[in-house]
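What follows is subunit A paired twice: with subunit B in the first complex and subunit C in the second.
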Partner chain A sequence: MASVPSKLYADDVSLLVVLLDTNPLFWSSSSFSFSLFLSHVLAFLNSILLLNQLNQVVVIATGYNSCDYIYDSSLAANQSVENGRMPVLCANILQKLEEFLLKDEKLGKEESKGRIASSMLSGSLSMALCYIQRVFRSGLLHPQPRILCLQGAPDGPEQYVAVMNAIFSAQRSMVPIDSCYIGEHNSAFLQQASYITNGVYSKPQHLDGLFQYLLTIFATDLHSRSFLQLPKPVGVDFRASCFCHKSTIDLGYVCSVCLSIFCKHHKKCSTCGSVFGQAQSDVASTSDRKRKTPDS
Partner chain B sequence: MNNGERMRVNGEREEDEDEDDVDGEGLEAWERSYADERSWESLQEDESGLLRPIDNMILYHAQFRRRLRALAAATNSTTARIQKGLIRYLYIVVDLSRAASEMDYRPSRMAVVAKHVEAFIREFFDQNPLSHIGLMTIKDGVAQCLTELGGSPESHVKALMGKLECSGDASLQNALDLVHEYLTQIPSYGHREVLILYSALSTCDPGDIMETVQNCKKSKIRCSVIGLSAEMFICKHLCQETGGLYSVALDESHFKELLLEHAPPPPAIAEFAIANLIRMGFPQRAAEGSVAICSCHKEVKVGGGYTCPRCKARVCELPTECCICGLTLVSSPHLARSYHHLFPIAPFDEVSSSRQIDPQHRLQKTCFGCQQCILNSGNKSSLYVACPKCKKYFCLDCDIYIHESLHNCPGCESLRHS
Partner chain C sequence: MASRQVIKRVKYKDTVKDPGTPGVLKMSEEEFLFMPHNPKSASKFNVNFKTIKAQKNTKEGSDKPPWLNLSNNQGRSFIFEFESYSDLHVCRDFVAKLHSKLGETSEKSSLTCPDEQLSAPEVQLRIKLLKQNSELQKLHKLFVTGGVLSEAEFWATRKKLLDGDSSKKSKQRVGVKSIMISDIKPSSDGRTNKITFNLSSEVIFQIFAEKPAVHQAFLNLVPNKMTEKDFWTKYFRAEYLHSTRNAVAAAAEAAEDEELAIFLKHDDSLASEIRQKIRRVDPTLDMEADQGDDYTHLPDHGIFRDGSKELSESPHELSRRTLSHDINRHAAVVLEGRVIDVESEDSRKLAEALAQSKQADKEDEDAKLERFSRTSLMTEIEDLQAPHDLPLAQLCIKNPRDYFDSQQANALKNSKDTPGRVELTSGSLSTQEAYGSLRDSVSTLKAMGLNDPIIKPEVSFKVLNVLTHNISSTKYHLGKNPGESVLDRLPNARKDDLLHHWTSIQELLRHYWSSYPITTAYLYSKVSRLKDAMSQIYQQLEELKETVQPELRHQVSRLVRPMQQALEAAFQHYDADLQKRSAKNGEKPNGYV
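== the complex of A and B ==
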């Protein structure tokens, strides 16, 4: 990033941070093979870099046990032009990806099989946001950053708070989180992430044409987006799930101290330990309102 | 933008009026700009006697760490489980007495207060999405309610910017009495708070103010005061009695800092608010293109509304209270916005440069978060921090970002079973 100030950034220069799901549990069960997926993604990354000379691509792998940076097009090592058959970009990414996958697998050796198949989405999102903050710090002129999640594994409920924290931080710094979900069912995390941060959520119907989906939906810079008809969010589910049974509810009780959600009345909060007063729920809250309404 | 401009115009008019009074002090206009801005304070001398701008980053980071440590100490000493007053009912009392037109803050105290109150209101709702704010002003010895308790930042900011005129004396007692009257009506689980931004150096009261202070204490209203001139006994007494914070601002940036300290929720004190379960609805967003009349504006809206799960009335925005059945309507992201207060990440440990030789950690040369090189040997600012849990290294910028905005440790989050 040392050479950044000398370049002139227009509003159509983008920094694309791609979060690549490498979860072996997902890819082994998927009908779409990982190598095919990679060939689509590599072509997409190449086209992003070709769209504008100043465009920058960073790839972060979202593994099963860890996350790591795989590729950064601004690093000098990745900028050399080679005459070989395979473009430098692909060679570098594939090599780093292999190293990462080996390391990721080693970390999980002690783990017993048959656990939740989620990936470490919260970690890679946090890393991406840290990287983007660094770009923001680099000066007044910087590429427009955005995050693209290429996710296949299902959501991990234990990451809920961390993922939401990352989403709100992205919203604050106006970084859109785009998501392309390859798994079977829709991902509630990514739907919310894209909705809250004004990004695009898409779940391709035909994975054979993944490259086309990527290119038409996610390749355009933020400025040009306003001229395109991009997929609109359909029915983002904002209902909460209760902490006690993890079931989705649309009417529930919330602890006034810690805001934990319960589906029925409890005597004591299981999260923060506060003891609730007498069983006043429906009646009391409406009477409070009644008292309040006349003067409001 | 518009508000800001109007405010500046107001401030300038103020300046012009005051110019005549201040001229008596014997400072010429050109002298005053030096006396007020103190431009020499932003320079320091290095070893060779050259003038350099002060390295703010290190100073800023040290300040940040002090704040973080104080915060961590406060939470550890009370209970193992952190309880915070997340549902707050806060009245902001703005002193618009004669003293608010003083020009020791630029362009005037009033304009500075208004500017930062606007920022504070936005920050407050960002951090406490389910809380309510009301605005009040003191002018001519009388307290006046500017806005009722409400959850919409825009309406408060608009009301405040429209009322920026100052005159007369300030009365602490009248303000407290009025706040007391309003705050006794709120539900028992809510935390009652008053934040007074006091410019005057006196209070002109109709009765015994000590009685009012005791009343506030009895009603469990937490009163905090930020003074703009000098410390006053009665303010200090009020804050001590009711468990609030009293601080006096030194200058504009200090005032901003003091004000923003009130944005995160205070620790919950059991006797201040009774814990309770609140019944809430989580409405679903209506399908795009559906037509309905919203119950809040009584207008026909196409798509994009929410339907109350109990009475099926349509509302435009969340969080709100259903106008028909009074149910509190929120969406799960609103609740999730507050969760980081309950699960804070531990402050990172500072790593001295000598640890670099440690063979175990020598491999990591870049900040784990942003990949910036942290071992720039020539530069003396090669200070960095490590997370006590995952032992990953971070640069100072990431440290601040992680603790102030992200609230996730990227290292811990990218390790399973952290």
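== the complex of A and C ==
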């Protein structure tokens, strides 16, 4: 079942980029087992491909130290050899996943311990967006892309800027970021991502039925989604991380030039180098006035 | 202060020339007291220091004796002559100290309540704004009258409103009636040859504005050579002649009377003004091309005026004044509007004011310069010019690598500071073990294959319930009328309540968050005042939620939830801040950060 490289555009053809959280620290502490999670997700991916012959699925693993493409349905070879237990698709993905985990582990050995157990969400989001951009540019017609984050690990505040940049570029290219969060607490990153890009954020209550959540909420193409009554989000956590210490803050200082966020008052913006202070602002205001008077 | 009281022997003088009454001056912290040696003398007094506004003293080394002059706020001054300069200096320093102390306390009292001094129009503006906006009025009544916010605080967040209105207040220019005065018909009584023109100051103004020659003549002739009445009689005589189109008669009259001729001759000043205007026209516009559009000189073309066709091809120079000239001139005056602000019946004053305003107009020599610059701007060749953009400061982003490097260092440091989080999330397993178990689960899945069925029916039912919860109810109601919002289905009183709560919460929160960080005791008290007011509203919201009908309860609670969340966030911040404050309190009392 090789999918034809899609040159045809229809409103029900989708390109689904799935970001799979493979953070070992999260899965080892989670009550929901990784194998169960995988079996739900694999079934879901299969259903997506069955929904429309032209649908395309790309899976990106979001690891602890790295991220990588694991599966691309447009590249899958037409090998109908089944080992009797599961479709080729699943076997391929599992194979690649194992390889990825080995690689990811090796990368991490050099790094010192004591990092927050967050996954490389910013990296995988960027990879997804790059892939989508390539699809956009490769031909006249293309399937409608969307990103689905299957995330469990907590947010890494140190990735705040990178994640927000990815979110805004997704917004610009009109790619919705859907998110299904399986961790304990809500993820502010994903809430904001879905809110900004007009995607859906969902935090399933019964993880045993994850497949059903996925199928009900995230399986339909974007056109059909507008007719559905999807569960509404309770609220979005709009808090930002400060740029200086990467901690989440309620109130902070914002650079008037480049909009960087700081938790403490700084004399100089570390991002753009603007100097804050009385003297500087005085000069700015007088020159402003000078410029305005001829007009009025 | 070492000495709380100063006693010196002095002479008191009413004026500088007064020889002085000898006595004793006693200064305490509140007042100073003069007791003359002679108990019968009338000049015994004590004065409170609060009324003293300024002090002056003579300089040591000058030829004057040591005098100290204290003046009070009613303009009276007390002059004391001391026995020596050292005495004078002791007293002067004492008064100076008291003075600064008094000033401090008055400053302090203004600090606790920064109430600005309002001028009457400002107050009126506020009252007007409140009257126009009932919502604002409600908020004002609730918070300012209720004592939660002070008047100044309330308006501080609405500066824009105040500014915006004051800019709108700028006086509107008075227009000019668009009716042409030349259309004002003379009234004749029909029996005699007399005709009467009615003049008002408005009409005079228009005549002056439209006919600069008449204006000029008026300034020259009235009242030196003729009276105002004579002047206007002449003017209308000329007008009448003109309207009768009796060119020959007009010419004859003009030859006899040179003053009359002024009105009939072609208006030179007008022409020069027009030339000036033409100079201001965009230099790239081809004006000569437009002249071809002028048909009025062709036969069978022209404009009917006063029942007869006006022929501009008249041989006589006098009647070259065509209707189109008049109309154009009139239009220019109307568009210009009333440039002077004189409401006077005296036409002399009117004429002078108008002349002045014109003078001001002409006086801009810059116009010439501007014309040159415009010409050069229009005809310039773009690629030969230096770019004339607005001066702007470049946004300088440093080498991004620096930023990311410094961020990483920070992040590492930060994560070391919070070991609790890492332990919490990583559980008891090491990274290696975690990877191992993850790989195991993948291989188990590979070996076992997918579950069949993936979901157990009972779980599926639960999930379905969760996913479709609320959908049915909202859809049932909302589906019928898409334009209807949840608010519309609530009873009116409830709806008003909710909206009112929402606006008041917004107002309070705005003040609340703008008071952080707390730097003064005043802000501290303001925050606690606001917090009390907010907790009251929180209670009211709870009550509102409980009293609403059961079928609407879900909707109402959904509306109320964000309000309560916003309030809860504020309360949390308040408590956290309070804790921080009390922890710090040892070193820095008084609620200062």
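In the analysis below, the second predicted complex is superposed on the first by the 224 of 296 C-alpha atoms of A that agree within 3 Å, B and C clash if a C-alpha of one lies under 4 Å from a C-alpha of the other, contacts with A are read in each partner's own complex, and residues count from 1 in each chain.
Assume contacts are C-beta pairs under 8 Å (C-beta built on N, C-alpha and C of every residue); 3 or more make two chains touch, one makes a residue touch a chain.
Note that this is a predicted model, so its numbers are computed, not measured.
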Partner chain(s) touched by A:I249 [first = subunit B, second = subunit C, both, neither]: first
First, second, both or neither for A:L49, with subunit B first and subunit C second: neither
Which superposed partner A:G108 touches (first subunit B, second subunit C, both, neither): both
First (subunit B), second (subunit C), both or neither touched by A:V257: both
Touching partner for A:Q133 - first (subunit B), second (subunit C), both, neither: first
Which of subunit B and subunit C A:G273 touches, first, second, both or neither: both
First, second, both or neither for A:Q229, with subunit B first and subunit C second: second
Touched partner set for A:F34, first subunit B, second subunit C, both or neither: second
Which of subunit B and subunit C A:L94 touches, first, second, both or neither: second
Shared subunit A contacts, counted only where both subunit B and subunit C touch the same residue: 64, 108, 161, 232, 235, 250-251, 257-258, 271-273, 291
In the complex with subunit A, residue positions of subunit C that touch it: 390-391, 395-398, 403, 406-408, 410-412, 414-416, 418-419, 421-422, 425-427, 429, 431-435, 437-439, 441-451, 454-456, 459-460, 462-464, 466-467, 469-471, 474-475, 513, 516, 561-562, 565, 569, 573
Residue ranges of subunit A in contact with subunit B within the complex: 64-69, 72, 107-108, 111, 120, 122-124, 126-127, 129-131, 133-134, 137, 159-162, 164-169, 172-173, 192, 196, 232, 234-241, 249-259, 261-262, 265-266, 269, 271-277, 280-282, 284-286, 288-293, 295-296
List of subunit B residues in touch with subunit A within their complex: 81-87, 126, 130, 148-149, 185-190, 268, 270, 273-285, 287-288, 309-310, 321, 325-328, 330-333, 335-340, 342-343, 367-372, 397-398, 401-402, 405-410, 413-416
Subunit A - residues contacting subunit C, complex: 22, 24-29, 33-36, 38-40, 42-43, 64, 85-86, 90-91, 94, 97-98, 101-102, 104-105, 108, 112-117, 153-154, 157-158, 161, 204-206, 208-209, 211-213, 216-217, 229, 231-232, 235, 243-247, 250-251, 257-258, 270-273, 291
